[in-house]
Structure formats: structure tokens, C-alpha cells
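Letters A, B, C and D mark the chains in the order given here, with residues in each chain numbered from 1 onward.
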Amino acid sequence: MIKVEKMKILSQKIIAENIYEIELQGPLVNEISMPGQFVHIKVNKANDPLLRRPISISSYDKKRQTMTLIYRATGAGTIELAQQTGEINVMGPLGSGFPVEDVKGETAVLIGGGIGVPPLYECSKQLKARGKKVIHILGFESAEAVFYEDKFKELGPVYITTADGSYGTKGFVTDAAVQFNIKADIFYACGPVPMLNAVEKLFESIPGYISMEQRMGCGIGACLACVCAVNGPELYKKVCTDGPVFAKGELVYG
Amino acid sequence: MIKVEKMKILSQKIIAENIYEIELQGPLVNEISMPGQFVHIKVNKANDPLLRRPISISSYDKKRQTMTLIYRATGAGTIELAQQTGEINVMGPLGSGFPVEDVKGETAVLIGGGIGVPPLYECSKQLKARGKKVIHILGFESAEAVFYEDKFKELGPVYITTADGSYGTKGFVTDAAVQFNIKADIFYACGPVPMLNAVEKLFESIPGYISMEQRMGCGIGACLACVCAVNGPELYKKVCTDGPVFAKGELVYG
Amino acid sequence: MDKLRISLPGLELKNPIMPASGCFGFGREYCQFYDLSLLGSIMVKATTLEQRLGNPVPRVAETSSGMLNAIGLQNPGLEKVMNTELPWLAGYDLPVIANVAGSMVEDYVEVAKNISRAGNVHALELNISCPNVKEGGIAFGTDPEVARELTAKVKAVSEVPVYVKLSPNVADIKTMALAVEKGGADGLTMINTLVGMRLDHRTGKPVIANKTGGLSGPAIKPVALRMVYEVSQVTDLPIIAMGGISSAWDVIDFISAGASAAAVGTANFVNPFVCKEIIDELPAILDELEVEHIHDLKGRSWKVGETADYRA
Amino acid sequence: MDKLRISLPGLELKNPIMPASGCFGFGREYCQFYDLSLLGSIMVKATTLEQRLGNPVPRVAETSSGMLNAIGLQNPGLEKVMNTELPWLAGYDLPVIANVAGSMVEDYVEVAKNISRAGNVHALELNISCPNVKEGGIAFGTDPEVARELTAKVKAVSEVPVYVKLSPNVADIKTMALAVEKGGADGLTMINTLVGMRLDHRTGKPVIANKTGGLSGPAIKPVALRMVYEVSQVTDLPIIAMGGISSAWDVIDFISAGASAAAVGTANFVNPFVCKEIIDELPAILDELEVEHIHDLKGRSWKVGETADYRA
């Protein structure tokens, strides 16, 4: 069930350049059903910024009723979010995430770009818990933007790429996948659309899931703001309810 | 000189029902030239609430570079102000306050209504420091709304009135003035317009000063939002620069 | 709850609060949060003759205290709305106001004729003001003569009262109101969105794929309030008001300005419970204002020294 | 600073930033905060033939991300402005844009004739759009034919170029722009305020004594931006844009939409240093955007794939 709840801010810290990790606590966490779901956050009580901000759930702990989000403070809303203490108004969990049950094969590759990395963390944890081998390819702008390398390393091998070559392999995540000859039975990807497109092409032969972003209004499927073009008779699906995670091949790129 | 400055919030506390006392620190305090001046506060960084809020300086201490404001948290802006910690954007000091130099006679009566009470505190302190006898008549809605009674008592006699009679004398400040047969050589008043009007009438025979409120834009005399009708050729004066304190008889009421 | 019960042409409402068209779909999503039967009414998403895919994305952008949208009337088309959405809504004790849109007069007439015959549709809302439809939407909403004619043609075929939704993007909204009144409108709904725009700082290009979008939310409330104030003084048609409403006090403002009921749009996105919360809070506010019925406040902004004592 | 230097009819400006009329008086108050000679120009408070006392108070009210005002053109009148205010401003290296207002055509003509002869007045801004003047202000601003004629009459007597200030309270602002262009306008300034209203919750009565007021501030920026975007595509007249500008990035947005310069109104009340700060911040932003001159960005919102490389 979707809840709207004032969640307690347990901690908030900077983990890379402009990247914040916030830990929230509350019964809403009980409702999370799969990795890759997101929450819709009202960053303050004012009318400006007006709308909620969609942020993926990076990891969660049902026992402690906690979840961790990782976000980049760039615009008005996320900068305001970074200044919050005490409580925060959260709506969620929303959308349909990464399927981790009944995965065929042994090895999963998780590919994240920038602020697309966070939801892959819980996904990787759950795959690992289900006995899968997990490989991570994480792309960032530069050395300063890299986060969670160690956390992912605890789960499986990690390949870091940076656009400017200041850390790890220079280039894109797909470059690293080719260079290191990564083989897997399934892929999970989250990042900018061109990256998702490239990943789908590169891993043409295996099944996979990608997580999309779109500007949102309601976050629950009512306003039709967040559609994306899909193959099939509907032509459009809603990122907030049908997604954000879609199966490989569902989306029409470009 | 008028400064625009981020002032440090030293403390913020509730002193009566919905009434807050906030203590601010910064070099702006050096610029205060008389009691009854005010500051114009941007309560947060957002566009909503947009405008600054005018609040009187209740007292100040140039040595510590501190000043105290007292305000009622009623609307969007003052409620937001009550939640602030750390620093706050203050413009001031503004306007022309209560003249306390060269006061003729021995006794001053200070008459305040509700949230008009605060600026009288510094005024009273300075009159007392100049050897005047100070008498205070302070009107409030009810017992819960009363504040600063003890502080004023340290300076001179205090008569409290409440509209509902739940504390002190039931009725208006002018009722108490009559009942206790208050005599003085000069009056200083701040409060709602009907009170100011009544005070001017009651103390017809002595000189006095009243402090006006008006909705403001700029706070510095440029936008012409805050005019009030005056006797004399200009017809209008600006509360923010010509006031907020006016001499008895200057204003046209009604 | 008698304090809130109102009756308008075609609409006997438990209370004057309803979600605004396009901001609540057909109710399916918000019924997760509360029982839709609590609502006074529901203004469902615009329905066109054929299915519409709407505009390319991005379709929304945020502005100071507001948002822009250019959804482009995406909807499954008359047939699907009649066969799937309206029957589903019939499960609730909830009179529906069907928002009717189109590109040509014939579209409007065809949709109105059919949808007005659905059992739970108690009124139509003629969307002549959607700023995001290119083919003719603008002209319908800003030309009094065209609006009058369209209203008359729809009235001629509709089984239920017809409310016309006015656009704020006009020099004189009173003229528009009087024109549709002449055309036979039973009521007015106002306002639709103001045409606005946001640019991407870096590229300088419009954020919204449609380039311009409709501005809604608290930012436009002062404009909406002024328009209701103006229009309610020149016509006796009941007004369902909208534009930035997000609290019970906002509703009081619009009723005071002269509206008979209030619709909530954008605020649903911020707080999915907002309509319910407003309905829950209104009675206490009426007590505080010492009135027995919400319509005792109707038009008090402009009624000189009068204590309004009638009910709609 | 060459990145910011621009030239418009009558105006050779160090930079395209100036305070908007009515929000900066005649500069006397803001010169406490910084040297006015830093500004590109200054749009002074509306001047009428005779002294005006303006409207009763309250004259302002706050709204979400905006404010309403109904000052009512309070000003000391032509003679005093000519003899006192303008000579005082002549002490600064600052071309003045004189905002001209009136109730009748003759008033405008008389004020324009005289004030255009003041040495430091380099352009007129014809205020045909003030929503708070009752006698005729509205009609001038919303009727294209009336606006054209007024412009022509003022042009005939003015010694300096004439900019016409457009009202946003119209259905089609392009028509208004083209009408005043036909009347001989040398430039446009836009937008004036949207007509809005706020009610007191308790009494239900308008907060502003004048009942309605002009809405300004960030709330109206999306509307202003859209209008500049529309108008700049149909006319080559230079546009000085205003409406919610409070940062250097807002200025970039308006230039991208097609404006040549930008004026800052309400934001001065929030931050008295805002004009200076914007001027200080712009060069770094132009570097970041990798353009050599601010006008390289002009109209990039609608210019298809073109790298604008001309200067005004």
C-alpha cells in the first residue's frame, strides 16, 4: 500500500561531490516490495518548491524500518532536501522495481550511471542473497563523483568508469563491459537514457531490466505526465506506475 | 546605515501564547540609533513567503552586538520564522523611532497593545536611563497572551489589562489609564490603530509619540506601499521611513 | 454535514469539493487513499471522440509555487471511457462531471451527446479552454461568439446540464462568461490554466516538449480569485472555482469571491489526501466564522454590508 | 564588461539590467546600497501630469511567490519630477527611462513632450497597462487600436525613442505588440502585472483597499517568459523584459526567450542588492555558457539550430 508519512531523518551526509545519503525511518518501509521502487518527497512545507521529488530507494531494512536514499543536490528541491532535519513528508513506495525472484542463470551484471547507481545497491544485495553472482559496472563523471564503490565490492566485482578518466577506466560503462569482456545471464541497468539504450544493444542476447526517469506530477499514475513510448498496442506507459523498471525491449528509444 | 546581513540566531523561545522572543547577533546592531526602529526579515530562502516581514526591535545591546525581537507567529511568514535556526537574513535598522532625548517633564507613560508592546521595552529602558519615571500600561487579549510584565516592572509600575478580564484589569489600556488616574508629561504608544486613536484623545493635553503599522513592500521608502494619511501639505507619509513613530497629531485617523 | 450540502444544476452534492479535471484521472489512483464517495463530485479527465496519445515528454515543469503542464488531452477516447471508466466510477456514490474536449465543434457535440447519457454523469464540463490543444482549443476559449455557438450546440444535444470551463487567457473574462450564458450554459467552471513557459537554463530551450504549457497551482490563485469575483457579479450562473486551491481556507476564499463550489487540481499531486482533508476541515471553519451553511459566505467579498442568507 | 554592453534605440547601456518602474522610486533609496551608475538604466516611477496621491491603504498583499500592489500611480507630478527628481538622478552616469502615465491621451502627450526633453531621459516607457488606474488605463492596454493611436501621438511629440509597456491581461499579446509597432513604437517593455486579488480569510473582503491589484514576482515569470517568447518571434522591436526576475539565470532565460534587456521589479524589495548582484554574476555565466556577448543568447529558445552571432 502506498503511504504518505512523515518519516524521521536518522542521518544525512555527503558521500561524494553534491551527492547526499539520507537515512529515513518509519512504517512506510514495511510496504516496500522490491528493489528499484521509489518514493516521492515533499522537501519542505512551502509552495516553492511545489512538487514532490522522485528518488529511488537505494536500500532498506524492514527490521529497523529504515531506508536509505542517495541523491544529487542540483536543483531547488534537492538542495532544499539536503538542508532538512527532523522529519520529512514521504509518499511511497511507488512503482514497480527490479524483479529478483526466479532469475535464471548464475550471474547478473548491474550497470549504473551516476545517480542511477543507488537503486542497484539493494538489487545487488537481494540477488546475492538469492545466491547469484553479481558484477557491477558503475559510471561516473569524475573521481569526485564516485560513491558506494566499497559497498558494492562487498557483494561482487566492481568496475568503475569515469567520463574524464580521473578514476577507474576512462569512458562509458559499455566501454568497460567490452574491455573487461563481462559475461552474464541477466542485466539490470539504471542511468541516463543514452546509457540504457547502449546497454540494451550491448547485452542484446540476454534478458535484462532497465529503470527509466521521467518528469513527474502525481507519481501514482493519475496525471499522465510521466509517460514513455513503448513497443506494443498501448504506445505509452507510465514511468511512475508501469515502471520505473521496464523489461529489455519494452521501451522505444529516441 | 541600513545593512542587509545574515544575523546569527542566538536563541528563540516562546514567551506567551504564539509569542516568540528571538535574539539575534551581528554588526547590524551597531547601526541602531533609537528605540522603536524596526528590521525587515526574510524568513527563509524560498520565494514563498516572498516578502520580508517588518518586526520592531524590542531591545538591543551594542556591546554584545545583540538585539531582541518579539513577534506573534500568526501567518505564513512568522510561523516560518519561528522554525528558523542558525542564521537569518535581516535588513535594518529601518525607520525613525521614539525620541527619548531632550524629553521635558519627569514622567513618561508607555502604552502598548498586544504585539505593540515590544518596542516600548527599549524605549522605557532608555527613558529610565535618562532619569525619567516610567509608567507602563500594557493591554493583551487574555492571560495567556501576557508577556514581559516582570521586565517592565524592573523599570517602573506596570498596569496590565486584558480584553477578556482573565488577568489584570478587564478592558482597554485607556480604561486602565482612567481608572488608575495615570498622569504623565509625555506618552509613547504602540498598538492597533483604534488604540492609538483613543490614546491620543485621552492624553490630549500632553505631547506624545505613537508607532504605526502598515503593510510594506520595500521597507525603505521606494515602493509607496506603506503610506498613511497625515495632517499637513504632504497628505501622505511613509510608515517605513517617515515613521513608524509619528508625533501626536500628525496622523489622520479613520 | 448539512453545512456543506449544496445543489447546483444537475448536481446534488454532499459537499462543494471535487477534484479538477486532469488532476485525478478517473479516480482509480486516488481511491487507494480514501473512499471516493466522500467527495462532492469528480471532474474526470477530458474525453475526446477518439483516443488521444497526448504530447511528447517532458509534459510537466515546475515553476515558483506552480507547475506547467502540456499533457495534450491524452485519454482513451469516448468509447473506452463510456465502457470502462464511467461504469467503474458508478461503484461509488459520486455524481460525475464529464470534461468534454475536441478539436472541432462536431467532436464536442458527438462526445457530449453520448457521454451525457451515461447514468452517473450528472453534468458536462465543456473544456473550451485547454491551452495545449493546437487545432482550435484556443479560439474556442477566447472568442465569445465561437464559445456561445459551441455552448448552444452542445446544450442542444446534452441530457444533463452543461458547465463551460473558462480560460483565464483573455482580456475580459466577463464577456466570455456572458457569451456562454447566452449560449445556454447552466454553469461555469473557472479557471483553466494560464499559458506559461519554462526554459532550460543551459540550453535556453523550452523544458516542455510542447514548448508552452498551462500554469496551475498556488501561483495562479490571485488571478483565479479575481476572475471569480468579477464574473460572479455579472451573472447568476453558478461557478465551480479552481486555481491554486490547496486548503480549506482557499475554498472559503473562492466561495467568498462568489463561487458555489470548488475544485482542487495540482494540490492532489502534492498531497493525495487534500480533497478529503478539506472536506473534513470545512465544518469547523464554518463554526469559527459563525455561519450555518457554506453558502452563507457566498459572494461576501463584494456584497455590501449584507449578510447573505440564501442557499443555492 | 563588454560582454554586457548593449545598444537599443536611445539607449547605450553598460549592461542590460535595470530596475523596473515603480519598484525603485527615483533611485534615492537604493543609492544607499550601491552606486546607481553601475546599472544599465533605471526605469523611474510613473509620472503623471499632476501630482497623484494614489490609492488608499492597504496597497500591497502577499501571495504565493508573488505580491499584489495597487499603489495607484502616486507621484509628485511632472513639474516636480522634472525639477527635482531627474536633476538629482543626473548626478549619476545613468540613462533614464521615464515611465509616462495618464488618464487621457492628452495627459500622456503632455507628459511625454516635456519629460522627453529632460537631458538625462534617454527613452520613454509608455505605461498603457497599469491595471490600477481606473479612468482608462485598462482600455489603453487591451485595445490594439487605442494603443496604436496613443503610441503615434506620443511618438509625434517625444524627443527620445518610445517604448510601450504591454499588459499581460490580454488574449493575444502579439496583436498588441504589432499594433504599437504600427503606431511607431521603438521598443517594447513587458510585462506589467496580471490583475489579481487576495481576500482576508476572516472577513472575506479584499485585503487591498483598491480590491484588485497587480500580481508581480516569481509567480508570474512563466507567463512573462511565454509572452516574450511569442512577441519576439513576430516583431523586430527590441524588448525589455520583466516579470519575476530575481537572479542572473532569470535574466538569461528572458534573453533566451528573445528579450534584449531585463528589468527587475519586486525582487528589489526582497534583496535591495539584486540588480548589482545580477550584473556582477552575469559575466561568469556567459563564460560558463561559452558565449562572448549576452546577445549571443538572444532568442535561442526559438531559433532552430542557429548560433546567434549578431549584436543589437
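Keep in mind that, in the parts below, a contact is a pair of C-beta atoms (placed from the backbone, for glycine too) under 8 Å apart; a residue touches a chain by one contact, two chains touch by 3 or more.
The UniProt protein names, listed by chain, are A, B = Dihydroorotate dehydrogenase B (NAD(+)), electron transfer subunit; C, D = Dihydroorotate dehydrogenase.
Since the model is a prediction, treat every value here as computed from it, not as a measurement.
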Centroid comparison with chain D (C-alpha atoms), farthest chain:
A
Centroid spacing, where centroids are CA-atom means, of chain B and chain C in whole angstrom
46
So the centre of each chain is just the mean of its C-alpha atoms; given that, what is the distance between chain A and chain B in Å?
54
Here the gap between chain C and chain D, centre to centre from mean Cα coordinates and rounded to Å, is 34
Could you check chain A for residues that touch two or more other chains and list them?
47-49
Specify, in ascending order, the residues of chain C that touch 2 or more different other chains.
63-66, 217-219
Think of each chain as a node with edges to the chains it touches; is that a line, ring, star, complete or other?
complete
Chain A to chain B touching residues, read off their complex:
44, 46-49, 80
Give the list of chain B residues in touch with chain C in this complex.
47-48
In the complex, chain B touches chain D at residues 1-2, 4, 42, 47-52, 76-77, 91, 214-228, 235-236, 241
Please give the residue numbers of chain C that touch chain A in the complex, ascending.
22-25, 28-30, 32-33, 45, 53-54, 57-67, 69, 71, 74, 217-219, 246, 266, 268-273
Please output the residues of chain D touching chain C within their complex, sorted ascending.
63-66, 68, 142, 169-172, 194-199, 201-206, 211-212, 215, 217-223, 225-226, 229, 244, 249, 252-253, 256-257, 289, 297, 300-301
